[in-house]
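Structure in structure tokens, see below.
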Amino acid sequence: APGTDSSEKGLKKVTLVLDWTPNTNHTGLYVAKEKGYFKQEGLDVDIIQPGQSGAEQMVASGRAQFGVSYQENVTEARTQGIPIVSIAAVIQHNTSGFASPANKNIKRPRDFEGKTYGGWGSPIEKQMITSLMEGDHADPNKVKIINTGNADFFSIVKRNVDFAWIYYGWTGIEAELRGMKLNIIYLTDYSKDLDYYTPVLITSEKEIKQDPQTVKAFMRAVSKGYQYAIAHPDDAASILSKAVPDLDPKLVKKSQEWLSPRYQADAPVWGLQKQEVWARYANWMKKHQLLKGNFDPSKAFTNQFLPQGGK
Amino acid sequence: MAVKLEVKELTFAYDRQPIIENLSLEVKPGEFVSLIGPSGSGKSTLFYLIGGIYKPKRGEILLDGKPIHGKRGHIAYMPQQPSLFPWRTIEQNVRLAQELNGHLDPSHVQSLLKKAGLDHVAHSYPHELSGGMQQRAAFIRALASKQELLCLDEPFGALDALTRTHMQQWLLSVLETERRTVLFITHSIEEALLLSDRIYVLSRQPMRVIREISVPYPRGDRFSLRGTTDWMALHREIENLLLPK
Amino acid sequence: MAVKLEVKELTFAYDRQPIIENLSLEVKPGEFVSLIGPSGSGKSTLFYLIGGIYKPKRGEILLDGKPIHGKRGHIAYMPQQPSLFPWRTIEQNVRLAQELNGHLDPSHVQSLLKKAGLDHVAHSYPHELSGGMQQRAAFIRALASKQELLCLDEPFGALDALTRTHMQQWLLSVLETERRTVLFITHSIEEALLLSDRIYVLSRQPMRVIREISVPYPRGDRFSLRGTTDWMALHREIENLLLPK
Amino acid sequence: MMKRFNYGPSILFFAVLLLLWEAAVRLWSIDPWMLPAPSRIFTTLVHEWTRIPENLFATAWIAICGLLLGLAIGLVSAVVLHLSALLKKLIYPLLILSQNIPLIALAPLLILWLGFGMEPKVIVVALVCFFPITVSTLDGFQQTDRTLIMYMEMAGASRLQRFFKLEWPSALPSFFSGFKLAATYSVMGAVIAEWLGAKDGLGVMMQLASSSFRTDRVFVAILLIAGLSLLLFAAISLMEAWTLRWQTRKGGDGRET
Amino acid sequence: MMKRFNYGPSILFFAVLLLLWEAAVRLWSIDPWMLPAPSRIFTTLVHEWTRIPENLFATAWIAICGLLLGLAIGLVSAVVLHLSALLKKLIYPLLILSQNIPLIALAPLLILWLGFGMEPKVIVVALVCFFPITVSTLDGFQQTDRTLIMYMEMAGASRLQRFFKLEWPSALPSFFSGFKLAATYSVMGAVIAEWLGAKDGLGVMMQLASSSFRTDRVFVAILLIAGLSLLLFAAISLMEAWTLRWQTRKGGDGRET
């Protein structure tokens, strides 16, 4: 595996696989790379965009040492026996929510009644909507759910779709840039169960066992990267834009402004994960038959690689 | 009504080398005219010009007094190679010419097949036939077409003497009942003498008319006349024309 | 060394209908043997059997005393249809037979092309040749092959009298210099008489030997002898054999 | 008339392949989330059987409709491009272009025009399928035997007669090449088209399975996709054999090869 | 010898199409994130020019390597399947199967075996490209003229001679059909292969553009993809015309059609 090869300068080559295309969720990673934090730790990090199949299996198979994933993916992957572990929460709270153009007048879950939701056909979405609506004393059967596949938010709301699930920090900001007024109903505002970590950084159990030093070094650099992004949103945004010039710099800048304070939020240090968050969401999934099999929240994540062990 | 087909000072070349030069000939209605000339002289090419798929460089081709060069569909044609359609049975191949003219006549096709001795292979495909049988199929395909001018390019070259005689006599009998004008390419001087009213002897490079010969015998008697001294003399005369000087 | 090719009680059928039945014939080394028979009788089929691409139902085919049925590559062959490869120029087509046997001889190819009157079209493609020219190309392709037994299926059917005589004389002269044995299918009794040592007259349905005729004239004299009364008598004898009883 | 196809060796061969696969998975104890063993795929297939038919039919329906639409478009465009040299010059590049528009760009437009129903999916499949048919058939037209064209022209065939009686039959073998290719692509085309939003179908099934890391289910979906595709291919091969039966009739029977 | 291609009408036609597109976008004031006008795409292209070549070359390189590998595989498999009826029965279904394995299932395995380098991407492209070549060429072999086969057998040609001197030349037109199809697919294949984890390339560029809602850049990427693909297609058509020049030589010159 290339992870064990060392390059010319005695740097250790490691591969980091993103969850999807680069965006402001990844700013800290790019900062760590561009500002040389990785190098200071003796690492030569290759950042790679994954295909449709995501990072989890590549990390588990050892082809990549680190990856970007989500709490729900780690949960499901672990119940399927894929040995990955979350080593940091990139954002403390879930910033996703159900968005709709303002003129649809969807201000709270009750307003979903009689409207059309466009999603990608996962049973989780349906359950989310149900949970939110039941919490707001509405009838979830009155929502029409249609499958819109991979089409983007702005295309589908032009058709007969009224609302969809987005990350505000990216799609919401794009809407702001376009001058499109949105209503957004955050999951966290209506259910504590749904305040899960998204995204998270992952590595494999094997990596932790065989090379904890590398994981530690990697996390030190990444932490520094995110600290920098928190402290200097503007600079961080231009670092990302420079590293990935195909992104829209305006979007990156505005998104970064919005997201920087939210990386750490109310946590004592960046990246810290709490067992109750892992347990709560897993229980929610189990309760709604979205998860079958064994899941041990304490094994799914660890704070041990955060600087000072997360203290 | 004086002439059926008139070729006037025709000149043609595929590339630089002229193939046909100042060729003039005519065929009267109901007449049987043979063309005899060396291999590679341009006889088939002349048919292509009459059929309208090449355009002459100079000169005219008139059918019933109207120019037809570049126009198609005026002749019943039998090509030198059988050119049967491999995916059609023999019967379907014979029917083809009729299909093209839009007047199907299945009983006619059946009787043609029978006369050509092909009724037992009517439902075979061309590749299941012998060379001579394919040639006969192509011949009756041309007969099945109703156009008055019949252009036959070596129709009986691959047939044995007996079958050949049969076909020749049949062709003559057809001409007696149907009103047809025939332009006939052959390499057999005897065949030309047996069948034609007139014979054009052609030269090569470029192709021109060397001699035009009227056959003096009445058609009905010729099969018995062949071999007589007169006949042989005419035969030899044509032979000598084809010899290089 | 007594016989070059021996066909013994050969029987063959494509489907139910027998084509060849109990056919026996033989060809001695250096001999020129012609096959004359009605169209569709099975002459080409006999060649296919000798060439080894069909297997006889019964009987044997021996070449130099060794059975060759089902074995290929023992004969130089000229098919009834020219079968030239459309993507090869004439020269490349003629070279083909040599390529197959693995002994290229470009100067031989050149001289063959010249003798057949095809040197000026050596670099043309087959579709740019007249029917007779294609036939000549196929003929010299067979000559270019070095196998001793030469099987020619109506090689001169599409040629005019003059060219035909040229080719016939040339073929005879080749046989004088090279050691070749020839099996020759033709529909022309005259041609058979001019060229062969022996003639097999064949019947149809199924094909059998009706008569075996030795031609009594020395080869060199025949071109001048033709037309004499003796000659004509022999000619007529064969003709009568082919007529149905 | 047609030779009986002998399935023996094929089945044996497949069985051996499956055994090898099974053995490899067990020997190197490959994790099932990486590559599940055939036995496991089979168990899953049996286990999930009740939910499969609707997905299968949904995809098959899109694939077949799309294939037929693609067939029509492919034939029409091949004919048009063949009959008009000018149109060929103008339109051929556009057709090639059409094969290079990623779904990413097409999706918003299709959704805007056609919504989330069957139509956009069928169009995506047709877009995939028509192209091999056009290219192959067009090349087939070009290969028509020269002497037969000459005959047709001499016999005074009209352009349409020449087309229907000569060019079309002689392009048939090439057409079937293209049609078989199209059939092979149609099912994957339908699966991809389901990204345009579908409620059921093998593509949806596969994506959901993949997103919940059920590799065994992904392989069940693949199995079904491949099976469907083989079925279509076989059906078209049969049609081909029937249409071109003159090519194989007799003659060859006594032949040695 | 070869007819000069006249580009006039094509260029005119394309210009008209672009104008219509531009007009449509302006007339109905279609949002640029939905469908950008050609002028906007062009401006973006010029604007971004500096970053394009590396992406273009990365993708072109994968496409060409994959196409060549696919060509080799396609030819070898066509020949093998043609020469052995048994292998054809055994392997053909596998080949069809290979066209129905979605990247979702293939990606983890390929990456596990080959990492994130060029190799898995080239293999994906080859997998896409080899199939049309195999199917077309195989069907081409089947169409060899019966009388020429007879001649070859009579003349004692060995199986190899028959293959190289007869079957291969006569399958060439069909082979080129398949090759042109493969070339058309190669670029999109490379774009899709870039999902296997790439750092640059048109596919990466397009995905980034799409994820940051820059539709104009998506269309710039499509423009480049299509251009590359047209180029490959044209190159192969030229090769075809040169190889099959005997088909068009003379004869046709004086012809009227």
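We just call them A, B, C, D and E in the order they show up, numbering each chain from 1.
Everything below uses one rule, namely that a residue touches a chain if its C-beta (ideal position, glycine included) is under 8 Å from a C-beta of that chain, and two chains touch if they have at least 3 such contacts.
Just so we're on the same page, UniProt names per chain: B, C = ABC transporter ATP-binding protein; D, E = ABC transporter permease.
Everything numeric here is computed off the predicted structure, so don't read it as measured data.
Undergrad: Which chain pair has the highest count of C-beta pairs that touch?
TA: The largest set of C-beta contacts joins the chains D-E.
Undergrad: Where the centre means the average of the CA atoms, what chain is farthest from chain C?
TA: Taking each chain's C-alpha mean as its centre, the farthest from chain C is A.
Undergrad: Chain B to chain C: how many Å between their CA centres?
TA: Centre separation, chain B to chain C: 27 Å.
Undergrad: Averaged over CA atoms, how far is the centre of chain C from the centre of chain E? Could you give it in whole Å?
TA: Centre-to-centre distance between chain C and chain E: 50 Å.
Undergrad: Taking each chain's centre as the mean position of its Cα atoms, how many Å separate chain D from chain E?
TA: 17
Undergrad: Once you find the CA centre of chain A and the CA centre of chain D, what distance in Å lies between them?
TA: 38
Undergrad: Scan chain E for residues touching two or more other chains and write them down.
TA: Chain E, residues with two or more chain partners: 34, 104, 108, 112, 146-147, 207, 210, 247, 250-251.
Undergrad: Tell me, which residues of chain C touch at least two other chains?
TA: In chain C, residues 14, 52-53, 81, 127-128 touch at least two other chains, as defined above.
Undergrad: Return the residues of chain A touching two or more other chains; collapse runs of consecutive numbers into ranges.
TA: Within chain A, residues 52-53, 57, 61, 152, 155, 158 contact more than one other chain.
Undergrad: Over in the complex, which chain C residues touch chain E? Could you list them?
TA: That would be residues 47-48, 51-53, 72-77, 79, 81, 83, 85-87, 96-97, 99-101, 125, 127-128, 145, 147, 151 of chain C.
Undergrad: If we count contacts the way the header does, which residues on chain E are in touch with chain A in the complex?
TA: Those in contact with chain A are residues 33-34, 51, 103-104, 107-108, 111-112, 115-116, 195-199, 204-205, 207-214, 217.
Undergrad: Which of the residues in chain B end up touching chain C in this complex?
TA: Listed in rising order, the residues are 14, 36-42, 44-45, 80-81, 117, 128-133, 136, 153-154, 157-164, 187-189, 227, 232, 239, 242-244.
Undergrad: For chain D, which residues are in contact with chain E within the complex?
TA: Interface residues on the chain D side: 5-6, 9-10, 13-14, 17, 34-35, 86, 89-90, 93-94, 96-97, 99-102, 104-105, 108-109, 112, 131-132, 135-136, 139-140, 142-143, 146, 173-174, 176-178, 180-181, 184-185, 187-188, 191, 206-207, 210, 215, 218-219, 222, 225-226, 229-230, 233, 247, 251.
Undergrad: So in the complex, the part of chain E that touches chain C is made up of which residues?
TA: The touching residues are 147-148, 150-158, 161, 165-166, 169-170, 172, 244, 246-247, 249-251.
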